[in-house]
Structure formats: structure tokens, C-alpha cells
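Below you'll find the structures, each written out as C-alpha cells.
In the two assemblies presented below, chain A is common to both, partnered first by chain B and then by chain C.
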Partner chain A sequence: MAASTTFNWPWQYDFPPFFTIQKNADTKAKQIEAWCTLVLEYHQHNKLLKLRVADALASPLFSNKAIERKLPKEGVMEVLESLCKKGNVQWDDKSKTSCVIYWKTIEQWADIIYSWASKTGSLNTVCTLHELTQGPHTTSEPFHGLDDWLLIKALSTLQSRGKAELIGEEGVKFFA
Partner chain B sequence: MDRFSWSTGGPLYGEKEILKQSSVRIYDGDEKTSYDDGSLILTTHQIIWRDSSDFQICISVPLCLVVFCEKQSGGIGRSAKLSVHLQAAQANRTPGPVSRSRYDYVRFSFKNGGESEFHTKLQSAMQTKEWEKTSSQATSSPVSKSSAKTGPIRASGIVGIERKIEENRRVTDKNISVAFQDLTKLMEKAKEMVSLSSNIANKIKDKKGDITDDETVKFKSYLLSLGIPNPVTKETHGSGTHYHMQLAHEIASLLKQPLEENAGIMLLSDAYCRINRARGMELLSPEDLLNACRMLDNLKLHMKLREFETGVLVLQLDSHSDEKVISQTTELVDDSKSLSAQELANLVSVSVLLAKERLLLAERAGKLCRDDSDEGLRFYPNLFAQPMR
Partner chain C sequence: MRRRGVGASAVTKKKLESARYKERGTELAAQQLEQLSSQLETFHTNLEEFAAKHKNEIRKDPQFRHQFQQMCASIGVDPLASGKGFWSEMLGVGDFYYELGVQAVEICIATRSQNGGILTMDELHKRLMKTRGRYGQDITQEDIRTAIKKLKVLGTGFALLGSASKQIIQSVPGELNMDHTAILDLAQQTNGKVSASQVQSALLWSPERTQQVLEHLTREGMAWADDQAKDKQRLYWFPALFNSDRKLKS
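Let's look at the complex of A and B:
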């Protein structure tokens, strides 16, 4: 799904030191924090889930052509590792060439979907997965357009909590 | 020819050799003599001829007998000659090779040339009349106590060449030792100079009224740059800890003012240059300086050696405060949005190395952040630390 509005870059994006990993530990912590926020917001805005490190290095996310700065690979890795610790990144392989960016964690997704279900009175009824992500009633919801595998993961979490039950591979029933 | 006397060739009192020319033959007037190959020596007192094959054959004529001399240029198969006209022989003359002669002049034939120089030197020697000045102490006869001077070194064959080389070496040796003597003398003089300068300084203090304050200050600064009056040396204070302690005191007193002028901090390399410039001759090794500087802190001399994390060594006054430097640096960076070490160095007129240390210091304090790009390392105000913008 293409972004409907242009992404609002944070102020740091135009601040050259943002693209140099800082030596001062405190400063660096704040810098990495800012990067994490930016990466998540960027992916959320563009509804991107996958990130390949090699591609990311050249993407506008990590390089600002206007001020001719780009975050070096070590920097990118540090940011992703930091996100990984927070549960927002899951590496696809051990060599860490690509990863999934959960701009919301599975837990958060699960909560969002459940609260939607209870809000719209969909509890104790069966919904199709297609209905959840592509249906006309969910266009304004954040999980609209969500990948199926992610949706299933979130619903599985709800299932383990006893709040929902997956029916086959297409449907789900929410419990009160 | 009858004016000549037998001679030992040894110097007379006050006599100096002026010129020596080899391969000279003597003519008694127009007649050839058996003295056909020898070296002719001109001294301040006499002309000496010494046989080149048997140096015991040595005859001389005192310069006081010479009336005048003239040159006869040579030609094909004929060597250039010098005619020397002589006065009548002295009655008391010591015996010579010829008792009577028809001629009042002798001629020297220069087979190897050199007659013009001999002519000039002979004439100037006759004008100087050096022999008259010492005639009261010596007669024209050679002094018998002459030193065991060996005959002239003859350059013939390999032995001759070897001798010549040996002689050259001796002369070089002598020159070198003379040169070093000069150096020692210079060092002695330097000490005198230093004491002189301190004397002048004291006098200036006394006569302060006569000279304006400005001039006094100026002159004092000249004197100061002349050096330390009494440098601490290994000779005066031995080596080891005591030496370094004394040295530390000297460093502290000498560098206090420059340090104050340089915002309380100075690169050790700069300090090294300043110390050695002030010491003049008694140069200090870098190791001794370092050891002495390490003691500064313990001796409570208001300054200490400091090593930055980058390994840069500096001397720093105790009054120097990092906080002040950090806040000043941060302010400067704030004003110009971003600074490189070079730009800061220009702004506060310190060396680039020190400017970089200042920036790194401020960075460690979390006041600045860095931008390391192809254009070099620049420092920005640490906007990350300011929560919201």
C-alpha cells in the first residue's frame, strides 16, 4: 500500500551528527533511541514490514541526500539490534541480512484487534481474515492491509490468551 | 756565495718560516755550484737552503745581508731565477761552504717555479726587518739548542706519499682539536654572558627612574629570552630523582607565565622547546623532561602533567578548570552552529591539537556531538540531549 501522505522526517534527519554514531555513551543512547523511533515510524508510514540490510543502506531512511550524510552499516546494525532487543525486529537468518520490522509488536497488534472486535460488537461472532484486513469496515484501522502471516500471529496470541479461536485458515472467532 | 754559513736549519729566536720552495739550485754569481737540488726556505730572519738528499747539508744567509733581489724569467730549457745581491760578509761570520767568492750575488734557480712568490715574500720580509727586533737576543748565527726538528718531509715514492697522508692527518687532527677548543671556550663565554645579563637586570632595577617602565619591561623580556641563569644539569645535581625534582622546580618557575598566557595549558612538546631554548647550551633530553614533569604534581608546583585519552601529553596549571573550557567551547560551537578543530583553533588561538582536545572534552561532557564525514570531523551542539524541539 503506497503512502498517501509524505512522511514527516524528524528534525534529527537534517542534523548531520545524527548520521555519525556518537562516542559519548549518553549521547549515543539518545541518538539510537531517535533512530529506533524513526525506523518504526518510517516503516509504519509506508506499511513496510521487511527490511533487507543491503537495500536499507541505500534507502532514504538511512541516507539524507540533501545534507550528504548516510548512516554507515555499523550504525544501521546497531539501530536494528537495539530494536531487536525491544522486540520490534526479528532477524530472518543468523547472518542478519534481512529482518521483519514490527512497528507494533505482536502483543500490541493482538490488543488492537481485540479492542476493535469488542468495540464493533464482533465478539462471539466469526470473522474472516480477509474481512479484517481488506474489508470495508476496517479501512480506518491500523491493521487494515496487514499481512496475513502477521495477522495470524496476532490472533494466535489472542488464542493463547483464550480471547479468540482460529477457525481453519480463513476465519476467527473472538471471545468476550 | 761566501756570505753563506753552515746551519742546522733550526729556528733562531723569534724566527718564523714564511715560505718554502723545493728543487732550487744555487748559482754563485754566474757559476753553477754543487748545491743543485734542495729546498729554499725563507724565514723572517734568513734564507736557508737544505739539500734534498742529505738534509744535514744546510746553509743559510741572514736577511740583513740582502741588498736587493731581482727576478729573471726563465725560458725553454731554462728555469726562472732569482738574483740576490748581498753585502760584504760580516767579519765574525761562522764558517760556510765557500770561504771566498768573486761574486757579490747569488742566484737561485727554481726548477719547480714559485720564484715570483718567493720574490714578493722576500721583499716584504726585508721591509719588515723582523730580525732587527730580536737582534738584541740573538745573533745571525743559528741557535744550537734548536729542537730535534726532523728534516723536511720529502715526497718521493710510496713512503713519501704515506708520509704526506700522515702529515695531512696530523694537521686535520690539530684543526679539529682547535675547533673543539673554541667550542669549550664558547661555553665558558656563555656562562659569562648569562651572569652579565643578570647583572644588567639588577642594574636596571636600581636605575628604574631613568628608564621608562615600558623600556624596562621590554629589556627584561629580552633578558628572559636569553635564558636561565643557572640551569640545573646532571653535573650539578647528579642523575636520578633529585635531579628530576630540581628540574621540576626549574620548569615550574620558567613555564608559569607562559602557561598563564596560554589559558593554563601547553603541549609537552611546546614546553620542551621553550625549556631548551631557555637553557641554551645545557640541552635537556625529552626523557628527563618527562620524568621531571611527572613530579610536578607531587611537588605542589601549581602545575601538573596531564595525559588526554588520546595520549596527548600537556602541562596544565592547577587553576585550569575543565568546566570553564567546556562551557567556553560549547558556547563557541553554539554560536557558529558547528566547528572543526581547525576553526576552533583559529577562534581561540590555540594549537589545533589542543583545540581538538577541547572539543573532545566537551563531547565527553555531553555538550557536543560529532559529525564524522568525508569533510572531516566537525562538532555540533548536542541537540540529542535537548529533549524536545
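Let's look at the complex of A and C:
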């Protein structure tokens, strides 16, 4: 999980036609699927949540300098739209210039945090949000270093399930 | 004066003689039969002994296995003819190839979405070795060829294309004709890609023929189009024939 390790690019990243949207419907479906996986894994590895389309076009994610290929904007949009349908992408604006990449959905985050709480005996006690994402006991957890707004969304989901209660803006109490 | 040989006793004597000959004949035949069956039995026991003794070698040593196959072929025995036959029961040779065949099919199907149903012999070999693990038996491309030829009984789904050193295994039912394999052959020499003009000059084809064959391969999902080449010419890439460090590790 540590961001310092190098990212494992899939083999397709070296395959030049991967960067040209395919006309054959079956091949294209496989291609978009592979791109979706790559986008999520890339953001997860680098713990990135936001994506600005204009920046992304030039980022190594969509352009492989070594083989001089890059996914054109229409391709990038197609991949993001496909992720949006799956619930992994949420557009910030109607003109679709930037979005949030949920490499785990809010629901998944809620489950992960709750299972951590019950595993570590943190039920029925109050934890601070800071403790959850920055504390020394969660360094090996996937939600370590998670953005506050996303954390609060996940905890709100737990709250609506009756599994937790947000206390003020800084704390949370998990229920069994 | 008595005349010889025409009396009643002479007739009886002759009859007796021929009867004796006959008796002797059957006796001889019986002896021969007995001898033959005892020889067969010896052959059988020797064979069993051989089988028991070399069973492991046949299973483990690819070269020995190949020689054994050749020996069987030269005496007109096919140890793979049936899974229930003496050979496969004794040696487990049949099992070996059936197992290998099944594993080859599994790999072809698992990688189909990636390569459109064509796989090079080198890659299949490499993947088989990986699937079978470090402690599995050593296998050669010759073994794979034998196993795949046996798959023919299942229909036309599996075929070996091309020449020995750079063979391709096709695992989709669609027909690949000479034109298609010619392009695959060409692409193998250039890390899995061709352009229309390259095909035209190498195979002396008309532009129409070239286009038609390349489009067919793209439709079948075996080729991917690449429109970002430096000279603006569309390149056709074959995932099955494309190699990179990362792909070899995947």
C-alpha cells in the first residue's frame, strides 16, 4: 500500500494500440474495462482522489512517453463515463472538467472502517477522526491518510445504518 | 505271386500313415501355438517390467518420453489410443497427455479475451510450466504438440498453425486461411505488428486483398488497430504475438 513502492503498470500500458480506442465492439469492451481497472489502481496506489481532465491528459496515467502513445480526450472521457456508471466516478460539475475517483466506493469504505473498529475493540468508545486517518494504530489500514471529507461521508453512511454516530466535527462513536 | 501295394492291408497302412501325419501335424501346431503364447507372455512380462522400471522416467524425462513415443509409433502401437488401454494403465502415459491437453485448453480459454484465441507455442509452453509448478514434470514443446493433436477428436476448435519453430495455437473455431497465417507469420518477425504497406511489399498482395485480410483479423478480435504511429500509417498489433517485459510477467 505504501505510495513509495513503484506502481505495477499492466502489460497493456506497453501495448501501443491500447491508446487508440478500438472499433471492434468486443475488443473495445475489453479495452475500456482494462482502462477502468488501471485508472482505479493508479489512483489507489498514489492515494489520489481528484482528477482534472485537462491535467490527466498529460499525466503518465494516460500517456506513455516511452512508446509515444497517449489516450485522446474522447478516450479518457469514455473511460471516466464507464467508471461513472459503475459508481467509481462522480463528476464535480456539469461540464465534466473534473471528478472524484472512488477507487473504493463510500459503502466499501464504511465497511472497511467498521470492520477495523470491531476488530480492534473500538466499539462503544469515541475515536477522533484524526486518530483514524493519521494515528499510529492505523498506519497499515487502507483508510490511513484518507481525506477528511471522504472519511466523514463513510462515517455518515455508518451513522445512517445505525452503526456509528458522529460527535461534532472531530469525533465518532461506533456501535456494536 | 503277390502284387505289392494294392492289397487291402496296403490301403489300411496308407490310411494309418496319413492319420499319423495328421496327428503329428496338429501336435506340431499345438506346440507352435504353445511356444508362441509363451513368447507372448514373456514379451508381456518384459514389457510390464520395462514399464514398471521406466514409468518414472517416461513421466519425468521429456527426451525419454519422446523416444518412447517414437518406439511405439515404429511398432504400430499408439499408447494414447485409449485411456483404458494396456499402455496407459501400465504407464500412465495417456493420463500425462490428457492432463497436459486439459491444461493447454484451460490456458487458451483463460487468455482468449487477451489474444483473441491465438497463442504462440512459446507462450503456451511458458504458461504451462508455470501452471504445473516448480515440482511438476518437465515438458517440451513436443509434448504440447502431441497433446494438442489429441484434442482434434473434440472437433475443429483447436489447431496448430505455422511451422515448427514459431507455431501458433488457435483455440477459436473460426477458419484461418493461408492469408491469415501469412500475416501472423510476418507479424511474428516484427514484435507482433504489421502495416498494410509492409504486408503489400512483403507478400506481394494487392491493397484490396491486404485490407480485407487485416480487417478480418481485427473483426475476429485477434488484431488491434493503432493510429498513433509516427508515419500516420495504421498499424495492426496482435496481442498474442506482442512481447514486453511486463507481459511476460503477467
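What we mean here is this: the second predicted complex is superposed on the first by the 174 of 176 C-alpha atoms of A that agree within 3 Å, B and C clash if a C-alpha of one lies under 4 Å from a C-alpha of the other, contacts with A are read in each partner's own complex, and residues count from 1 in each chain.
Everything below uses one rule, namely that contacts are C-beta pairs under 8 Å (C-beta built on N, C-alpha and C of every residue); 3 or more make two chains touch, one makes a residue touch a chain.
Please read these numbers as outputs of a predicted model, since none were measured by experiment.
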item: Chain C versus chain B on the shared chain A, clash or fit after superposition; value: clash
item: Touched partner set for A:93, first chain B, second chain C, both or neither; value: neither
item: Touched partner set for A:169, first chain B, second chain C, both or neither; value: neither
item: First (chain B), second (chain C), both or neither touched by A:9; value: second
item: Contacts of A:68 with chain B and chain C, given as first, second, both or neither; value: both
item: First, second, both or neither for A:20, with chain B first and chain C second; value: both
item: Offending stretch of chain C which, after superposing on A, collides with chain B (from 58-66, 112-120, 130-138 or 148-156); value: 112-120
item: Overlap of chain C and chain B interfaces on chain A (superposed complexes); value: 11, 15-17, 19-20, 22-24, 26-27, 30-31, 68-69
item: Chain A to chain C touching residues, read off their complex; value: 9-11, 13-20, 22-24, 26-27, 30-31, 68-70
item: Residue ranges of chain C in contact with chain A within the complex; value: 113-114, 116, 193, 218-219, 221, 224-230, 235, 237, 239, 242, 244-247, 249-250
item: Touch list for chain B against partner chain A, complex; value: 338, 363-364, 366, 369-373, 378, 380, 382-385, 389
item: Complex interface listing, chain A residues touching chain B; value: 11-12, 15-17, 19-20, 22-24, 26-27, 30-31, 34, 68-69
